[in-house]
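The two complexes that follow have subunit A in common; it is paired with subunit B in the first and with subunit C in the second.
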Partner chain A sequence: MPDSRISRARLVPATAFLKLAASLAVVLTACSLSWDSWPAAGALLAVTLAAQALAGMTLSSLARRLALFLPMITLVAISIPLSQGFTASWMQVAGTVILRGLVSFLAGLWLIRVLPFDTLVSALYALRLPAVVVASLAMMHRYLFVLWEETGRLRTARRARCLGRSKRITQWLAGISMVGMLVIRSLDRGHRIHRAMLARGWDGHIRPWP
Partner chain B sequence: MTSAVAIEIRQLTFAYSDGRNVLHDVSFSVSPGERIALLGPSGAGKSTLLLHLNALLPDPPPPASEEATACVLIDGLPATANNANPIRRKVGLLFQNPEDQLFGSTVGRDVAFGPLNLGLDLDEVQARVDQSLEDVGLEEFADRDTVRLSLGERKRACLAGVLACQPGCLALDEPFANLDPRGCRRLADILARFSGTLLLATHDLDAVRELADRILVLDDGRLCADGPTTTILQDRQLLTDHGLVA
Partner chain C sequence: MHIPDGLLDTPVCLVTGGISLAAVGYSVHRLKDSLADRTVPMTGMVAALVFAGQMINFPVVAGTSGHLIGGVLAARLLGPWAGCLALTLVLFVQKFLFNDGGLLALGPNVLHMAVIGSLGGYAIQSAVARLAGDTIRGRVIGVVVASWFTVMAAAVLFSVEFAISQATNPDFQLGRFLALMMLFHALIGIGESLISGGVIRFVAIRRPELLYNPPSSSGRPWRQTLAAGLAAALLVALLLSPLASSAPDGLEAAVGQSELPAPETTSLSLLGGYDQLLGDERWETWSVALSGLIGTMVVFGIALVLGRPLDRNPIPAAGAPRA
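Showing the complex of A and B:
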């Protein structure tokens, strides 16, 4: 058995920790900034955008990801004045939330672009994060792809049976039914995965593999 | 490799909690090192039977007519929830869908899951990971993301995860399903090299001819035939009656 493989498996490159620390530093800095310190916040945003470009993220890929993220963070930002009232500074509050969220999102996006997920998992284990948290993260990453593939299959099957133009309400109902089906299948899959884990001796304790 | 294990099933009857009766009074025994094919149409109860070999289902009621206290015995040990750990060390179960079994982020990490649960030290775990990946022809795949594997590679990675626990018995649920001929060939070659007890639930009669010494035919939860591979496969009427050939 080659010794090099053992050492390779157990050693996390120092650059992984640096990348992780850099992302964390950006997130913490973003969280400490408010709308009033917009020049610093703008500079931080520019840095994270430049980092995306250096990491090889294309403008279209970034736009697609932001199109998913921005509506969500905007809703969160709007929910604050909605729940606490529209005071004179509500726009600054909402703007601060969006800015912090956006910079943190970009930092996370950069991290998963420059650090292979498995190395990230190893680094988190090495940093002594609770094993159950890291294992859950690893499993979530693994099964997001499976769920995505399953969604694709369901959509294809639905399209294959959609003859002609259907009404918007029909499409919505079919979409809701598909989400329900995905939830049921995910629950079933979770049950089967649990059985597969038990079959390989799992006793409820996560034993990290560095 | 640990020594091959013996299996004994006595009057096993099982129903799921929704009332579906899946197994009815199934009895058979398997000698250590024997290679058994479990044949039957879809829904015959093959997967349920294999789950019992790993104590993964609620304990079935003991047979009423005998003094015996357990329905499923692995090397004489009742396959009950109390004995789950030693039972699962003896019997390695390969599930039908590799997505259910391949939960590690990389192939190496996934294969290490079983040996880590056995409480082995990290050097021994690494040795088992390397050995089992070599056994299934995936020695270069340790660092490969499990998402980026073909179906055949996923099945072999799952098998490596089972082999890494060094079970004395392999119970395989439809291992050849959806594989192309080359994938089937590779998997059959790996299984042919396994020296322990083999229990193979499949519809692939070519693989059965090659890998099994004995066939059990299960239909509608009942054991309908039990005999040598050549005898069973020559009985065209039996195969037709139980939906094994068209």
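Showing the complex of A and C:
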């Protein structure tokens, strides 16, 4: 199979690139908005909210995500007047940060909703990213869930051994040994996978997807 | 914490994104020289590991908690080049799977956490390990010191990028913002050195052969990493300076503000009270000095505690039988 752009691009629906470009365009526009251009900002906010509805995002799911995002961006925005003093324009400065951040966040939320991660990985491959990067990314996406379960097992084991609330220092020591154990288990797993790949003819050379 | 979109100006994001792209591209190029057949499974696995490790919370105060960042840890496990790639993948997945951090802000985020964290962190820990001896103890101390300095370097770089983005805001003063950022990040850096140092100590005691050993054939890799780190720092300075000079009001005011009288609005500031508290000196000068002093002392203490009871023997070579 020739490693050509055509064979790479054939893997990916054209809409994937359009979705990426649309999301980038909204973020670029949002980042040029200011407090004075509020009609444009309002229109863009309405468009991104409508996009959530079209992408099938439920109201409760959106509210849950905004409940995590809004306090964070507000804290970031407030850190400006907190360090600079509450000058006459502090509300405009902080408001601009929140406005730009909110529209960009909604655009990102829409993108991850409509663009499955494996399609994105194929799109990166079609965009001629080095094969080693794309293959590592695909590998990471696969083992993310495996290690998530591993972390869950470590947590369960800890809960089974320790009853009640522990002191903060004990929690820190337990956390450190949990991450340390995760390091040992995942590196061992990585070595096992590497050997299994070698046994199946892996030579470090990544061939293009058929 | 990941920078969201809208905080930094688009030109700043594009310039930092370009620098990140160059640094990650160079890392990928260097990976081709190393054991290619191990790169893909191990980089993917360590990237997933850093991601999972970040999910383990460490309680701080009043219900808040912190977590691992992982750049220095990844570099210690995989080496600088694969570590930089692994952290870049973590940030990419966090953006495109969980919408954490910005799309345009991916450039500065990669620069702060992957490039400074892994490449810069590896250079620092290698230099420290050379001073303290290339033993397990030296490596743990190296990780502790590198974790603190990379967090502080990222905070300083972010403050400069933010000051350039705020160039049109005449009230913005870099010194004040830098002081607030450094004060917070001195604490975050202490947390990161405790977690990273503790984890590397945990692994080094049980499985020392799992830590990265630089290939002896490639000469002096720490010098090359140092040179690459320095080149990246110079590139940042070179490429960000035109942005700064195109908007002289903000940055000149920010740089020269130590001689300026405090703005009249200070009386409204929540932190205005520090002026009286600390006499004639500006609170930000004290804050920077204090965060530097306390941070260095605490990190020194952590390095002593975490490094002390470890044996001083050299690291066993990879593949050597364990006792």
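By definition in this document, the second predicted complex is superposed on the first by the 116 of 210 C-alpha atoms of A that agree within 3 Å, B and C clash if a C-alpha of one lies under 4 Å from a C-alpha of the other, contacts with A are read in each partner's own complex, and residues count from 1 in each chain.
Operating definition for what follows: contacts are C-beta pairs under 8 Å (C-beta built on N, C-alpha and C of every residue); 3 or more make two chains touch, one makes a residue touch a chain.
In this text the structure is predicted, and so the values were computed from the model without any measurement.
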| item | value |
| --- | --- |
| Touched partner set for A:64, first subunit B, second subunit C, both or neither | neither |
| Which of subunit B and subunit C A:199 touches, first, second, both or neither | first |
| Touched partner set for A:87, first subunit B, second subunit C, both or neither | second |
| Partner chain(s) touched by A:118 [first = subunit B, second = subunit C, both, neither] | first |
| Subunit A residues touched by each partner, larger count belonging to subunit B or subunit C | C |
| First (subunit B), second (subunit C), both or neither touched by A:146 | both |
| Which of subunit B and subunit C A:79 touches, first, second, both or neither | second |
| Residues of subunit A contacting subunit B in one complex and subunit C in the other | 117, 138-139, 141-143, 146, 189, 193, 197-198, 202-203 |
| Subunit A residues touching subunit B - in the complex, by the definition given at the top | 1-2, 5-6, 8-10, 116-118, 121, 138-139, 141-143, 145-146, 189, 192-193, 195-203, 207, 209-210 |
| Residues of subunit A that touch subunit C when the two form their complex | 23-24, 27-28, 30-32, 65, 69, 72-73, 76, 79-80, 82-90, 93, 96-105, 107-109, 111-112, 115, 117, 120, 130, 132-133, 135-144, 146-148, 150-151, 168, 171-173, 175-184, 186-187, 189-191, 193-194, 197-198, 202-206 |
| Touching residues (chain side subunit C, partner subunit A) in the complex | 1, 4-7, 9-10, 13, 28, 31-32, 35-49, 51-53, 55-59, 68, 73, 77, 85-86, 89-90, 92-93, 95-99, 102-104, 166, 169, 171-173, 176-177, 179-181, 194-195, 198-199, 202-203, 206-207, 210, 263, 265-266, 268-272 |
| Of all residues in subunit B, those that touch subunit A in their complex | 51, 54, 56, 84-85, 88-89, 92-93, 95, 97, 99-106, 108-109, 112-114, 116-118, 122-123, 125-127, 130-131, 142-143, 145-147, 161-162, 165 |
